[in-house]
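Following this line, the structures themselves.
Two complexes are shown next, each including chain A; its partner changes from chain B in the first to chain C in the second.
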Partner chain A sequence: MGAPPPPDRPRQSVKEAKMLPGRSKISVLVFLVPPLAVYAFAVLLPIVQSLFLSLFKWDGITDMKFVGLDNYVKMFTRDDVFWTSFGNAMGYLAICLVLQLGGALLVAGLLTTLRRGRELVKTLYLLPAVISTVAIAFLFQRIYSYEPTGLLNQVLEWVGLGSLAQPWLSNVDTVLAAVSVPEGWRFAGLYMLIVYAALLAVPKDLEEAATLDRANWWQIFWRIKFPYIRPVWITTTIMAATYALRGFDIPYLLTNGGPGQASELLTTYMYKTAFTHTDYGYASAISVFIVVECLVAVGLIYFLLRRKVD
Partner chain B sequence: MKHHRLNVAAVAAAASLTLTLAACSASGASPDSSSSDDGTITPREISWLLSRPADGGVITAMEQIADEYAADHPGFSLNLITTPDRPSYIQKYETLAAAHQLPELFDTDATPFAKKLAGAGQMVDAEELLTDLGLYDDYLPAALNYQRFDDGSLYMIPFEFQLEFFWYNTALFEQAGIDVPATLDDFPAMCEALRAQGITPIALDGQDLWPLERYMAYYPFRMAGPEYVQALKKGEAKFSDPAGVAAVNWLYDLGQAGCFQPGFSSTGYADAQALFTTGQAAVYNIGTWELSNLATENLDEGVRDDVDYFTLPTIDGAVTADNEYVTPSGIGMAVNAETYDPLVKDFLAYALARYPEVYTESGALSPTTTASAAIPDNATPLYQRAVDQAGDVGDAIAMPWDTQLDPTSNTRLQQELTLLVQGDETPEGFIATMDAVIAENGPEAFAE
Partner chain C sequence: MTLLTPRVDRKVPAAPAPDGDVAPRRRGRLHAHRVISSTLVTALVIMQVYPLVWLFMTSLRTEQDFASSNPFSLPTEFTLDNFSRAFSTGNLGLNIVNSLVVTLGANVLIVVLGMMGAYALEVLGFRLKTFVRSMFLLGIIVPVQIALVPLFIDYANIGLLDTYQSMIIPLAAFSLPMSIYLFSSFYSYISRETYEAASMDGAGPYRVFGQITLPLSVNTIVTVVLVNSIFIWNDFIFANTFVLSDELKTIPLGLQNYIGAMGNVDWTATFAAVCVTITPLMLVFLVLNKAMIYGLESGANKG
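The block that comes next holds the complex of A and B.
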């Protein structure tokens, strides 16, 4: 590979440390401890509390009952809704990642070739990310509506595909995709901005040199541009994946997990378990699973994308 | 990079846990107990956490009564905190209950959760309270019975009395050449005849889930009486029993006959009602709380003269009478035992005695026998008929199942019902799933 190694964080921090030669370790600690304390209190403590609560059966009113690992045993062996939700969460993740990362890369790539109106296009794509979730949910409820006829079914009618018109949010085969698309669409613009900024930083001379060597656009992208944006790509992928794994609001507002459990995600299921079923212990067990799931996902992404560099 | 990875992961974890934390970190707080036995009334602000329409009859009446009371008791005020959307309300109230943060008054149905609250001594015995205030005998027995737990104890006070009807469009029935169904078994044929005319047979608000769950309650109520669901929820009866099988098959048949509009599961309350009031759907199952929209000039002129209603049809060999159906007295009001003091008692004494008169001025049915509904000036003849119907209601009540089952089984039932009616689940599969779910959750939830 002819590309120079991408800028690396560890190196940067070494450089930064050298920029502060007179600073003692204590002064560094003084600045680091408060945020760490806040972090421990606001992030680590709740995780530990959930871990603790997941070993109990508790409805909020009567006394907590220690049940050991029974909540986990129930989750893995006796609860089919949990597994359905897990499967749905994976489907939701896949659709969101394709739409967000694929869409982001595509639009960002096109943007770099655009000579005029870049700012306008950027703003337009970013717009959905700043609209309130509730508004988006209502918007899509209307778009998917069957009776009265919503936008999607109307458009199908117009282009002569009226036979495909259906109640998208009621059909168990389409509902998962239907609730995933708004989430994917919504944040594609945000990731596009990040990827676009990274693409802009790719030195033009490398690209020109490759063009002189008769590299085609795919080779330019894959061998020159992509290695350059890989660190940003890893971050973006991790962000998109963890957001999608925590996705809650749009499925909850659009279908509340229905029909049946066809669009139930782990998050909506955990919420119902805690606040509708008042089974706080079991809900904690599910949330512990979500934490582990997020950590595993981040590890996998990091491992897979990072390995290619080495 | 390593730091960054951890951060993102931790932020992800934190956000997914916030909800759970909110529930558990609030526990252990104790309310300011101001119970004094010397009987001194010290006016202050009291709050009522409720789930009723913001501009509805109950809130309007109670605001007026609170103002009257405050005129005599400077410093008093009633803070009404309403969350009309029922699922959101229940979440709010149950979370506050777990945190011992419920206000002086709060709404609840006679659910298993409320039973636990009563058992934990957090609610004032309503039967004692009403007797003490000399109001107990004013109430319709049916209105009180709706609020009772299975053991007959009473912890909630009713503020409404409603009858649930099948509203139907006579013109559309005529067009399809059909009569009002005499039995529940006539429903599928009714739907097919209407479908053949391109009419949506029944408008259903599937998004809120409870309207479809009503249909689940009908067949067993006729076939086995109100006791069936009481046994079912504890795991003592099963869906595989005759009443359960008949109900499941009936609902499956309704779905197969195309009774409900396509995509009903994502149709909301207002959209479902609009299907009926615009003459697109022939039947609509809703209670008398909608009288002002269905039996007054508020109703669209195009259908105003065609709207009529029938009550829950019977079946062959029914064990409940024709005049026994879903007659709820609405969500009840409970009195928080931990904040109950002379002021709360004195206010309730004034408010509950005054309430029927003020409330019925809005044209609503009173849960007491002491006042009758004032028919609004713009009412259609149907209004008076519906009000009179309230005088002829039998003793047994078809209880809505969402107030009966434990919450986990209830959620699952609502989900599976949609699938059953959509044809995505077979009656056999439905019965097997639901019996397993209730066996897992029911007996434990109702263990004494």
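The block that comes next holds the complex of A and C.
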């Protein structure tokens, strides 16, 4: 990739110096308007449109009917499916975070102790991230399969836990975990990579000084390495959390929210409301809620992880 | 960084009390540690990759072999019949072409618009740039689902439903923030003096862009394209929402059709179809894995 840019080059503080001399207003517009227009059309405008639509009742054919905040009132007070989906989305989020962040930290930490094969491990570990969700959903459907016996039930049988073998995707108690695991599996490598790169950047002399002082590995990790990688950890947590909150493909393809609503997430519920029941107003209200949820999650993560510095 | 040094001095003496000759025992423990962690890493990598190995192995089995043997045994005989059945039943060739069109189109937009936006924000500069930058950053957090209903309605109004553009535009727009961000952080390392010298020689903003910024951006372009191609090539949600006709279906949709039609009829051919669809990107990844890994790392570690 060529030489990486030099780190920590001091940025010029004088404001005027940040502007190219000889630039004109028109040239700024020429460069700024095209990207902004595409972005506004496909990202910003839809946000505004969703806010607007969420105040109406509309099936796409008959006239739009203004209902004020009724969609939101219905969502919070009269819709059990909404709350079930919200609870499921939280469960999905928790499982993804544990698998991705916990896994990332564990594997990245182990990787730094290896002497050989680091590149190979990184490449192999990242492999699932390049596979489409449709392929992943198919793969896991076969892994969970009960009849004929899939990979998971076969392994359980071999290790003597054959009594646990079951149709994972049709049991209401296991289905949520079963649809969350593929999502966790898929991006585990990505977060591992990011955390690993951050761990490598921890100066060796800090670690050596601690080793001389007979700190054990846990102390070295928790007191030295982790504080050092905290900024990257915040970014990683935010990425993992927002990706998990918008998770859609795998539950939609594997179970379509079923059985019943056992694996319904807010995203799949919103999709069905919009494109199966063509209730655009209510679907928009749910998608506004999903955006707010993501923003709140980012704020919370930033606040919680940041504060521990003190 | 300097903030951390006092922390180390303060905390580390709290380590467990020293006991006797530490050095030899520590060396032994270190060795044991290394063996344990190698074993653990190997086990985790096998768990991570085995599902894919199984996928490829099954696609090479005969149907009888698949039905009779357990999922961990090697195929008793290899066959490519599954692949020929997969190609003759499905539309996989056409799907691959469609995916190439969408991936190429979206990447061109992402690169060109990303460079332009970053140039305006980072090099030219203007009064509202902090505001515009934060508008773009918002797009990294906002989930794509918010755009589905409004875009579906807009597309229906302007006749863009069921076109390549209907997939390319939102895919590019939602990748644009990260692209602008990566180009910006690279442009901020190009020294001001370079630009000032060029301006002294009478080069306007367009010539500076064409002669200085663009030629220097090649590495970042590769990074941006590699990282975004993964998400664009695999996009399911936009394609599933905006595309209806079979002639425009990309690989994820074509594969979904195939699985729906044949998934429970012809198991081994379906495995082969899945393999065909994941192989192109996987090959690119295996060949270019250094560049791709660098790109994915820099996306987060510069933040």
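As a working rule, the second predicted complex is superposed on the first by the 268 of 310 C-alpha atoms of A that agree within 3 Å, B and C clash if a C-alpha of one lies under 4 Å from a C-alpha of the other, contacts with A are read in each partner's own complex, and residues count from 1 in each chain.
Keep this in mind: a contact is a pair of C-beta atoms (placed from the backbone, for glycine too) under 8 Å apart; a residue touches a chain by one contact, two chains touch by 3 or more.
Everything quoted here is computed from the prediction, not taken from an experiment.
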Exercise. Where does A:I290 make contact in the superposed view: on chain B (first), on chain C (second), on both, or on neither?
Worked result: both
Exercise. Is A:M270 in contact with chain B, with chain C, with both, or with neither (first, second, both, neither)?
Worked result: both
Exercise. Touching A:Y146 in the superposition: chain B (first), chain C (second), both, neither?
Worked result: first
For this session: Give one of first, second, both or neither to describe whether A:V232 is in contact with chain B, with chain C, with both, or with none.
Result: second
Exercise. Touch check for A:P167: first (chain B), second (chain C), both, or neither?
Worked result: first
For this session: Using the touch definition from the top, say if A:L127 reaches chain B (first), chain C (second), both or neither.
Result: second
Seminar exercise, completed: Comparing chain B and chain C in the superposed model, the one touching more of chain A is C
Exercise. What is the contact status of A:T84 with respect to chain B (first) and chain C (second): first, second, both, or neither?
Worked result: neither
Exercise. So, A:G60: does it touch chain B (first), chain C (second), both, or neither?
Worked result: both
For this session: Could you tell me if A:A42 is touching chain B, chain C, both of them or neither one (first, second, both, neither)?
Result: both
Seminar exercise, completed: chain B and chain C footprints on chain A meet at residues 9, 39, 42-44, 46-47, 49-50, 53, 60, 148, 231, 235, 238-239, 242, 245-246, 267, 270-271, 274-275, 280, 283-284, 287, 290-291, 294-295, 298
Problem set entry | Footprint of chain A on chain B - complex, ascending | 1, 3-5, 8-21, 23-25, 27, 87, 90-91, 94-95, 97-99, 113, 116-117, 120, 122, 200, 206-207, 209, 261-267, 271, 275, 406-408, 411-412, 415-416, 418-419, 422, 424-425, 440
Problem set entry | Touch list for chain A against partner chain C, complex | 1-2, 5-6, 9, 11-12, 17-24, 27-28, 30-32, 34-36, 38-39, 41-47, 49-50, 53, 60, 103, 106-107, 110-111, 113-115, 119, 121-135, 138-140, 143, 148-151, 154, 185, 188-190, 193-194, 197-198, 201, 203, 206, 209-210, 213-217, 219, 223-224, 227-228, 231-232, 235-236, 238-239, 242, 245-246, 248-249, 253, 267, 270-271, 274-275, 280, 283-284, 287-288, 290-291, 294-295, 298
For this session: Under the touch definition given earlier, write down the residues of chain C that touch chain A in their complex.
Result: 1, 4-5, 7-8, 11-16, 18, 22, 33-34, 37-38, 40-41, 44-45, 48-52, 54-55, 67, 70-72, 109, 112-114, 116-117, 119-121, 123-126, 132, 135-136, 138-139, 141-154, 169-170, 172-174, 176-177, 180, 186, 188-189, 192, 195-196, 199, 203-206, 208-209, 219, 222-223, 230, 233-234, 236-237, 241, 251-253, 255-256, 259, 263, 270, 274, 277-278, 281-282, 285-286, 289-297, 300-301, 303
Exercise. Which of the residues in chain A come into contact with chain B in the complex?
Worked result: 8-10, 39, 42-44, 46-47, 49-50, 53, 59-62, 78, 81, 141, 144-148, 166-167, 169-170, 172, 231, 235, 238-239, 242-243, 245-246, 254-261, 267, 270-280, 283-284, 287, 290-291, 294-295, 298, 302
